[in-house]
Structure formats: C-alpha cells, structure tokens
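Read through the structures below before going on.
Look at the two complexes coming up: subunit A is in both, with subunit B in one and subunit C in the other.
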Partner chain A sequence: MTANPHRRRIAIAGAMAGATLLALAAATGLPHRATTPARAEGTAAPALPAPPPGGVLAFVVQDFVPPVVPGMDACPHGTAPRLREIYLRTLPEAEQARLRLKENEKELTRLWHAYALGADGSNICSQPDRFQHAPFPPVESKLGYGLDLDGGKPGKDGCAHAEFESPTGIQGVDNQEYRALGCQPEIRGPDGNGGDALTGMKQFHTSGEWTQVIVLKGVDSLVDDPDVEVIYANTADRPEIDSKGQFLRGVSFTVNDTAPRHRNVLHGRIHNGVLTTDPADIALAETWGQGGARDIRGNRSQYHYRQGRLRLEFQPDGTLRGMIGGYRPIFDVITSGSLGGAGTAVVAGIDCAAQLASLRQYADGGRDPKTGQCTTISSAMRILAVPAFVTDLTAADGSTPKHAAPNRSPAR
Partner chain B sequence: MAFDLSRRTALKGLMRGAAVTVGLPLLDCFLDGNGVALAATGSQVPVRFGTWFWGLGVNPNRWFPSVAGKNYELKPELAPIRELQPKINVLGNFNVLLDGAPNLPHTSGGPAIRTGRALTADRGLPGESFDVTIGDRIGTRTRFRSLEVSAIGDPRNSLSGRGGGNLNPSETSPAGLYARIFGTGFKDPNSASFTPDPQVMARRSVLSAVAEQRQALDAAVGAADRQKLDQYYTAIRQLENQLDVELTRPEPLQACVVPRKAPPNVPVNGEIETVMLNHQMMTDLLVMALACDQTRVFNMMFNNGASSLTRIGSTVTHHQLTHEEVLDNKLGYQPEATYFLTKIMEAWVYFVKALDSVKEGDRTLLDNTLVFAHSETEFAKFHTIDNIPMMTAGSGGGRIHTGIYIDGQGTPVSRVGLTLQQAMGVAVDKWGTKSMETNRTLTELVA
Partner chain C sequence: MRGSRLIPAAALASLALTLSATPAQAQPADLPIPAARPGPLPPGIAVGHVGGKAYYTDARGRVLYGMDMRVLLRAGPDPAQFCTGDCARTWEPLLAPAGAQPNIAFPTGFGGRPAPARPAGFIVQPQEAPDWTIIAGPQGPQWVYKGWHMVFARRSDGRSDRYDGADGRVWNTLKYVAPPPVPAAPADVRVQALDGAYVLVDGRGRRLFVGACRQGCADWQPFAAGMASGTTGAWRVSTAGDTPQWTYRDQPVFVAREDSPMDIPATAKGLQP
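And then the complex of A and B:
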C-alpha cells in the first residue's frame, strides 16, 4: 500500500459501534451505459480521480449478466430449439410433417410432454442426468468475453478446450459456459443480440434478492496499487432506481451475516486502472423460487465460482466495469431450470438434459482423476457497479462472520 | 358452563322444546401436539367494493403511462380503456417487499397486494385479504357477504379469505352463479309480496338458541382456539345477518332487474373465447346481484395467475407463451403472449362498462362502486413482482378521485390496500407487516 499525495476528499469514512461505515461518492455524474469492458491489455488507463481519504470505495452491482458477443455468426444454425422441436426432430420427416398439422396439435403436445418425462417419475429438468440427449450446437465464433483462467493451457485439473479472443483483443479467454449455452434463446435473441436473461436477471438485483456490493479497502490509487482488499458481498437491501431502471448512485446498503447472504474477502491489485483479484472461491446469492414448497428460494442455489476472480476497470464516471470469472459446477448452471422441474420443460420448453450434455461436453475444470471428466466449467459474468455507501456490519472486528465463508456446492 | 371438549363437542340449545345442535370447527385442543338516496325509499344508496384480477401482468413499456397525473397517456395495451379513462385510475411503480421471503412465481404477488404481507407458504393467504376486511364493514346487510367468481373455472382460483389457509371459493359457471344469486332464497326487492321462508326462520332460531353456549365455550379454550372460534363465530354472525336479511322485506330497488331465466350450461375451460363469454355472462349476473343488493362485495377472477388461457383448439397456454416465446428485441414484447393481454383488457372494459350501464339515480352503479383491478406479476416472463399493474374503476360513491395515473415511486404496494380500505370506511391507520407496514395513504386518490 503506498501513500498518495494527490488524494482529495470525495468520500466519508467513519466508524459506528460494531460496524464500519464505508463510503464513496461519484467522481462525476455522467450517465452510464451497460457496455462491455473495452480496455485491452496494455492500453493506457483513462484519467482517473484520486481515491478518497482512507482508501475505501464502495459500489453496488447494477449489471451481472452473461456477456454476449452480438451477431448470429456465433450461432450459424440459429438459436437452440425448444423441447417441442427437439422432440419432433427425433421422428421421421413424414411423421414430423403430420404432427405439425394444426389438427394434430393435441397429439403433438401429449407426445412432446411425454418426451419430458421418464418412466420412473423423473423429468428432464429435475433429473436431467437420467436422459440421454444430444448437446446443443455450441457457439462457433472465435470471439467471446471472459477472463483467462488457466494461463493459456489447462492445468492438471483442467481439460483441453479452445479459447476465445475478446472483441477488444484479450487473448486466452476461458468461457466454456458461453460456448456451451451461448446459442440458447435466453442468452441470445433471434436477432443475435443479448437475450431475455440480460434484462430479466436485473430484477433479482433490484429486489434485494441477489443484490451485490463491492467494497475496496486500502486503495491509494485508482491507477496503480499492488495491495487492495476486496469485499464482494450480498446485501438484502434494495437499490434505489431512476425512472429508466438504472441504479441511483450514493445509496446506502448494509452487509450482515444473515443467511444465506455471502461475503467474499479477496485480495487484489490495481494496475493501469484495472483491478484484478487473486483466484479464490467466490459464492454469491442466486436464489430461485420455482420449486415452491420443495425448494424455497435461497435454500440451495448460488453462484459459486471456483478459482474465481475479478477484473474490473475504473471508469472516469466513477463506475466499475468488467468481469467476474471462475469455474462453476456444471449442475449449478442449470439450477433454475432444474428447480422448475417438469414445468421448465413443458411450460418454457427448455431441454435441461441437452443443456447438461452441452455443459459436460465443454467442461474444462475440476477434472475428476478417476474418470478424467471435468466437473466444472469456465464462466464469466459482465459487471457494472455504481458508487454506493456500504455499512459492513460483519467486519467490525476483522473476523470472518459465521455465514461469510463461501458455501460449497458439490460437483454433479 | 363447563365443557368436556372433544371432537364431538357441539353447541347445544333448546328451541320450542326441541334440542338443537351446532357443530364446531376443528380446534387445536382436539389435536395432539403435532399437530346518495334511492328515489323509491329514501334509503342510502349502498356503496360497493370489488376486485377484478387478471394473471400474467402486462408489457410494462406498452401499458404504464409515462407521466403521473390526470389525462394520463394511453399506451397501446391500455388504449382499450379510452372511453372509460375518466373513471379509471392506473397505479404503477409500487413494490412488493419480500423481507427475505421467497418470490414464488405467480403466487407471491397477488397475496402480497391483498394482505400487505409477503407469502411464506406455497398456498393460501398469509393474512386476511382486504376485500374481506372491507366486506366486514360494508357487506353485513346483504344475503351474501361477498361473491367470488372465476371466469376460467376452478373454485380454488381465489385471492379472498381470512388467512390461515382459508380461501373463499369461487363460483365457476354462469349457471352456478345464477342459481346462487337468483335461485332458492332470493327475494325480488321489487316484488309486491313478501313471505319469509319458514326454513330460514328455523335456521335463524337455531343460532340464537346456542348463543349462551358460544360465550361459555370462549372461556373454556386457549388463545389459539379462541382465535379459531372467533373466525368461526364471525362466519356464524355473518350467517345470522344473512338470515336476518332474508327474513326482512327488501327495499325496492329501481335498478334491479331479475334475469328471467338461468344462463345455459356452457363449457368451462381455458379457451379464451369461452372464458370471455363466461366472463360476460357472469359479469351481467354479478352486476344484477349488486343492483338487487344481494351483495356489496365481489371478487372476479378473469383468469388464474399462471394463466391457463389458450386459443380455441390449442394446447399452448398463455403461461407457456410468456416463458417459451422469445422476447422480440425489435418489438420489445412477445406478440403471441400479448394477444391474451389484449383480450384481458377487452374483458376489463366489458366489466367496467356493465357496471356503468346501470343507472342509480343521477349516478351509475359504477359510480357507487370501487373496483380494484390488479395482476400478480409485472412482466410474466421474469416473474417480476415490483410494479405490478393495478387499476381502480368507479369512485365508490364519490370517495375517491378518478382518471389519474398514480406513480408509487417504489413505495410499498400496501399503500394501495391501506388507502382503499380507508376509502371504504375501514378504521385503519396503518396496514401491512414488516417492510410493507405503512401508514402512508395515497392522498391524491382520496376525495
């Protein structure tokens, strides 16, 4: 940590009984757009303000979405078909044609719904591993967003795989989840732009169910600082939003140890205006309600990034933009659909078994030494975080709170 | 009076020398540890309250006005209400606050609006729905405290109840609704003759005969059972009131025109055309039930939360389309799913027009009614429960302003329930629980 003689007072910091008040005020009030990170390695950082006295900055994450390189060249066969179509394609062409007739719709519905069910009471989404479905066609483009997780080649616990190049020229990008599922209609719309998930997931962050905050401690410079503590946590507090649904800056949040919240303590550094963190397990809330009484939200699902890390660029407007990357247990990726059970298949038309097959095919981490199969998959989410005030109730004495340790979910 | 309480315990009394008994609900102690004036009469015109529910929300950017206040903008999906706009309020940007409770898709939103509480179980209501609270205020002097109706069928399709797992079941067919309103027990308020029904007289007397035992039983049970008994006695008092009404010659009502015959037996299913037709017939019956003062409270469910609506001959449901149909990036909505929303708004307009077509003195039945319409999600594809679309129609006898778009600015949705209760005369200054507890009345709504 180095002293910075150019600090100016842009934030407040203080202490309360049993709590540390962390704060940051925006350097500018420029409107922000949800764009992908654009700074390639070696590119000069833009002019950035000095950090606040005390070196503490805090943010609330507005965007946490799958990064999609737009365009249908990534998916020359189109977006992934729905389960009805997948079922039809299992049939001879003449039978397909017969069942596609309007007068046979009821018969077709009965048949493709049955296709989602197993004889043992299983269904294609609750027990996708009991169904042998072909994987979906992958993303075929060489371009993809994400982070280089393996230094260019898989380690002893990885599996061989092709790597992406980011549209901004970053090489060696590992994001096999995007390769496996980047042609799903939830990820990529029929026009090639980002799909439903990019807009739909924001509600979870707006409602306080998944809301994330980032706190940076010991920051002496937004350009270069070799030693920064990063707290990446969930909060149950709701962001304030403007009339366009953007998060307002300078809103207060509290981090406490109420389960199932998460609080990840990471070590990082700032170089050329880019914050990176050392690999560590990162767990964040990802709760779903589809399971009803079986799986009330928060009981078991989460974002779990093994060897997870952040790459976030400080922006002149005071925001942070970048990525989180890491290896996710492959079953975690389809938790939402799985909790939805047969409804996911017959209502949303999602073929969870084909998704699982795709994830298994492209898994590149957590290699099982016995089987040689990889059990985790490289993944990334695009992050836009806006300045906020965060009260970190769990860190007053420096101890790790009971619920702060990353929860581990078994690989499946 | 002492009780030897058992599951077979009943309230007993004497009536004209004969023993009468009234059964009791299943109490905890029976279980183990696991376990304006009318022209004809000078009477006040009754004020009515009702709800109108539709499932699967709207396309927010095509439905909600952009600017709060009067003469609000009518975007494409709200445009069908144009003719009625001066009598309809639109409410947006109110939030359901979960306080850590799950957002159960298509299940959490409706009960939160009706009870001011976050749902923590998968079924039922987490508390008393405010239509029931209002019914206790304005619905005690009619044959029916309220009428629940589901145009898509399924008696469990209801958001009305006293909580604790109880839901007021819905009438599911036009013929059934007709029989209930205008069948046995109906007394035409405009009939020249009135003869009290001897059976009703007998039932009323039975309840009177066991009154003493009811009081004694209250003293013999614990707090939890007293709460159950209270709910049970409320129902009995309601029944007593209803029986009293049936034994009282009704006031003549100018607007009451008794339907001459029952509607035909028609299919009850999810096909949109069938639901539209059934909704029309049930609306017409409900309107006459109000005009004939058979009830002053109603709950109309057009469809269900996870909407089972389909097109004729199709097996693809409205719900399925909201999830399966890709959101068109250029259009910004799902055209196939939106078809159903168009029909829903058409049905809403029919409902409001039907109320507005009945004259009551210088006003219309709609003017003397406050209808609260709402859905259970904002945008169904993502199960969002902030900014759930809501409307009111009618002024409740001049108690609320109309023709306004109210922007809740992210405040709890319980403000709406609080305000509507206050408008209907319920003595409540704060309502809701946890983050949804509020004492902030929508002052711009109250006349």
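And then the complex of A and C:
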C-alpha cells in the first residue's frame, strides 16, 4: 500500500513553495507580521522567489475578517446603540429618565424585550422586514478597505454611492457593507479596533467549521504571470495552531468532498507580485446557528460574493495577504442574527431591523430594474493565507477524484 | 495508491446517496439525502419513479414535494402557515386523515414568547422527528416529512420532478432512499453510506474488509472481537492469532486505518450488508 500519488504530487508542490518562501524569509530576517499594509498600485513588488516546479502553490486561510480601519474617526457618534437604547430613544425624555433609574430596570427590560417582538409572534431578527426601524449611522470616514468593484462608477445594475480610499492610497474602494455596519460594536470595538465578531469568526476557521484553502495552479512567476488557475474552496479538515492561535504552516488539507462543496474555480493573473482574479460568483461556507433547532447547517447561510474577486499579494514570508471583494445579497449579511431569532435581539441586543434598513440604504449592486432598488451590497474581507499542503478534489461528488488524472498545472 | 473503493460511484449514483458525516435531515438536492426509516407509509403515499429516480408519490401518482419550512423563516413567525393564496393555487397540500391531531410544530426559537403547552408525545425538536408527522397547516392537518418538509403535490404538471429546488430551494422533491439494511452482525458493526451504496464499518466508523494480503500488510489491522463475543450469523470469532478476531464467512475481517477510515487496500474486498 502506498500513498496516493496525486495527493503526494500536490503536497510536494506545496511543500516546495512553502520551503522556498520560508527560506527567503529566514534569510532576510523578515518577521511574520500579523498585518501587512496592502501595496498601492504602482508600488514595486518585494523580492519574491521563483515558483516551485509544476507551478502549484497551496495555502490555508487563517484570517478572513471584515477589514476595519482602526479608530473612532469613522464613527464620531460612537458605536451603534443596542436595542435597549434604541427603544429608550423612542420615548419622551422624561420617560427615558424614569426608566433609566435603577429601580425601574425590571420594567425597562420587559419593555425593550417586548419592543423586539411583533403582535403576531414575529421578532425583529427572524422577520426584520416586519419592523420599520431607522438605519444606523454609517461610517463617516473617507477611509475604508476593499476592492474597486465597479471601476469607479456604478454600472447599469448598480446604484450610486460614495467610494472609499484605502489607507494605502487605493482609490475607488467599494465596500458599502462596511459603510453600513462598520460602526456596529461587533465589528468595531469601543477602542476603535476590530470587535468581537472578528475574534469569533477566526474561531470558525480554526475549528474547521469554515476553513478555506487556496490552490494556485500554473504559476510560472510570483511577479508576473497572465494565466493562473485559482481554486478557492472549503475544507473539512481542521487546521493545526500554535500556542498563540496562529495556523501552522505545511499542514495537509483536502478540498471538501461532500455537499455543499464550495469549490470555486477562478481565473487570475499575477502582476507586480499581486494576484487578481476575474469577477465570478464565489460561494463559501458560513455556517451559523450550530445546534439551533432551526439551523440548516450552513447551506442557506453562506458567503456568496457576486462578481467576486480576489486581490492577494505574495509576501516574502511565504504568505498571501489581501482581500476578497464582491456583492453580497443584503439579507445574507444578517443571516446569523436572523437564525438566532428573538435571542439575538433580547440577549445580544442587536437591532436586526435597523441593520437591514442600513444595508438597504447603502446597497449598491444587483439593481432590480422594476423597483430601481439595489439588492446586493459591496463587501470585502481581509485574507491572510499561509502555506499548506492541499489535495484538490475536482469531481463534483468527491468520490472519484482520488482516481482521477493528476492535478497538474494546466497546459500553457 | 493507498486503497480503492469497491463501489464505482457512477454505477450507483442513481441512489442519490452521499457520504454523510451527520444525519442531516434534508431533502434539498445540494445536501445529503437521508434514508427513509423502516416502517409503513401513510395511507395513499407510495414510492414511484421519474426518470429513474425514486420519489414519494401521492395516490394519483403525483411527485410529492417538501416545502422546507426553514427556508421560509424570514417570511413569518410560523412558516407552516406560509402556503396560502397563489402558493395554495399552485401547490396542493397532502392533508392528513380527517380528525388527525397535529403532533409537530415549527420551533419557536430562543428568546421569544414561550411555546404553548403541548400534549404528551408532541415533537418539539423537528430534527428528532420520525419520517412522517402531522402539522397544523393553513388548510388543516397536513403531513410533514422528516420534521421540516410540509408535503405538497403540484396541482398541474404533477408527475414532473422539474420543480426540485424551486424558489430558492423552498420546494424540493421528496427523494426516496431505501432504509439501510440491518445485518446480522456483531454489535460493534454498523452500516454506513459510501459513494451511493452501503458498507459495513466498525463502531469508530472505520471500514471493514476481507481479503488476502500479499505484501506490505501493516494496514491490515485485525478487527478485534471483544471478550465474550460469540457467533452472530456468518460472523465467528477466530482465536488463531494473537488476539481474538472476527471472521465473516470464515474469512478474517480487517479494519481500515483511523486516519483514512474509508480507504481499504487495493487487494481487499470491502464488506457490505
């Protein structure tokens, strides 16, 4: 009995890529920084090694988080209020003052909890369409991370909107999800840095619940290559982590082989050390409501990026850093809260109806020709991927690829 | 190559089975399809075929569809009441016999108003429901399949399965997968779906196989028989080796490796029920 030769071939490719880049990192003494600023267009790429023979590189995604520009300049009024406070603001000031008294806390709790429920048994998070709440204050800063999805102006299926400039100088950044929800305390903590959601989301990747892998095929150069195949997929395999929670390099993964697979095949190119992919629909696992009676185990909640694309920079330390951008159906953004139902509102204090109102207000994609309303919203996630061994299963049912043709780089 | 799977997937694809690590109770085609549970079908329901695929059908031979209540959560607090108006003009509910009492409801979720008092035996966790239950639908007590799928037939084009996945996978054909067989085997042996067929595995999910090892036999791990094991059907205990080992039809039984529980050596023959 011998190891699967196809798996071994990919593993070797991944190992050589990782070894090459790691060797360079060691030689140059470069630290493994937690974050590396994105390179602006026109900036020279750092010295990068040649790709491994066979042109296959593989990575596991360690960070997949909303990119937050730190600080409270973006939210001069503070982070978004909780549902308790939103309810209080619906009342006359005198009544607010009365209910804020400690002795009236029980009454206030009963009232604001009731504010989350409709007379027909609906609740503000599972059925947010039934509640008319004002949108949250948006991010007011001009700075935001993301990608330029519309080339500077909305197409015929888009809606007019302001664009961000990235802190590194990239213009025309489309990330209306950040504008709409970037002051939510889950996204931006009280100190202006990333909120609890970022930590929680990393746990989903660490646990293997959402873990993603990236396989690059046909790479002739890490600096310039006009034709690269990119496999962006989920894996059921759990990453290994070090004592600080960082993913270990060189760990083996296999692309998911059970439905829903979330194996996205993209075409890309490398220019100046930056990999970009052509716009395409990208679907990735986003499982919410684990253990909940109404959960459907991730199939109806997923990351779905319409016209999605990657912009990833090869780093001398062997990692990939950059962004995924695309347009998400607006309700997808609040699926977690929706599945959580009334508990999301009365325990976490989240006003899903206000979130939905914000998302609708700032939606900039998927324009409905009948209503003129946009139904999707530009979005971005920051990605950090570390070298790994990845076995790519190409067949749809996951049962035959172990016997299929080797996973060679495509013919050039 | 590490090992082989004995069952060619293409030949068995019509069974619409996929290897499922968890018993997801779903009928949408993009999720693992659970097998039917043994037992009688409700009156008027049968198993029919369309294009070689097995579906539940009603008394008129129409393909039965499930309306996945989970997908309709946004539409209202009780998705069981969703299908009225245009929906009801397109889809005919499969009503339970007159006088039948509902024994399941869509769960209310955490943090909302408390659920009403339920009679004994009422199912509050749909994922734990038997295959066929009854829910209070807008037109009366109505059958539900596997806890989540309110059962309907299309009023027109009723023998077609082409609406599978319609409306964002609200509507899904009720696909029939035969219950797994119950083999006469030791208590530690289970049946598991693999590549469109059933195979035998041990209690840790490792595939069982027989055969003759010619070289490199390190992965031929004996399937150990516990103390006080005795003959069960064609299974016997061999004490010829260092430890008691199960045999099946007088062939020593082996178990796949822990790190690749579905892979067996190329010269081995996987056991099936």
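Observations on the structure shown:
Here is the rule we go by: the second predicted complex is superposed on the first by the 357 of 412 C-alpha atoms of A that agree within 3 Å, B and C clash if a C-alpha of one lies under 4 Å from a C-alpha of the other, contacts with A are read in each partner's own complex, and residues count from 1 in each chain.
Quick note on the criterion: a residue touches a chain if its C-beta (ideal position, glycine included) is under 8 Å from a C-beta of that chain, and two chains touch if they have at least 3 such contacts.
Small disclaimer: the values here were computed from a predicted structure and weren't measured.
Of the two partner chains placed by the overlay, only subunit B lies in contact with A:Gln203; subunit C stays clear of it. Within the superposed three-chain model, A:Ser122 lies in touch with subunit C and out of touch with subunit B [touch as defined at top]. Residue contacts after overlaying the shared chain place A:Asp224 against neither subunit B nor subunit C.
Once chain A of one complex is fitted onto chain A of the other, the partner contacts of A:Glu165 are absent, as it touches neither subunit B nor subunit C. When both complexes are overlaid on chain A, the residue A:Asp191 reaches subunit B alone and has no touch with subunit C. In the superposition on chain A, A:Asp281 contacts neither subunit B nor subunit C. Using the contact criterion defined above for the overlaid structures, shared-chain residue A:Arg82 touches subunit B, although it does not reach subunit C. Contact with both subunit B and subunit C is seen for A:Val347 once the two complexes are overlaid on the shared chain.
Shared interface residues of subunit A, touching subunit B in one complex and subunit C in the other, are 236, 258, 292-293, 296-297, 346-347. Those residues of subunit C lying in contact with subunit A across their complex are 1-5, 9-10, 13, 18-22, 24, 26, 28, 30-32, 68, 70-71, 73-78, 106-113, 125-127, 169, 195-196, 216, 218-219, 265-266. For subunit A in complex with subunit B, the residues that touch the partner chain are 79, 82, 102, 105-106, 109, 185, 189-191, 193, 195-196, 199-201, 203, 206-209, 236, 238, 240-241, 258, 287, 289-290, 292-293, 296-298, 346-349. The part of subunit A that touches subunit C in the complex is made up of residues 1-5, 116-118, 120-123, 126-129, 236, 258-260, 292-297, 299-300, 331, 338-347, 397-400, 402-403. Across the complex, subunit B meets subunit A through its residues 95, 97-98, 100, 102-105, 107-108, 121-122, 313-317, 319-320, 323-324, 326-330, 381-386, 410.
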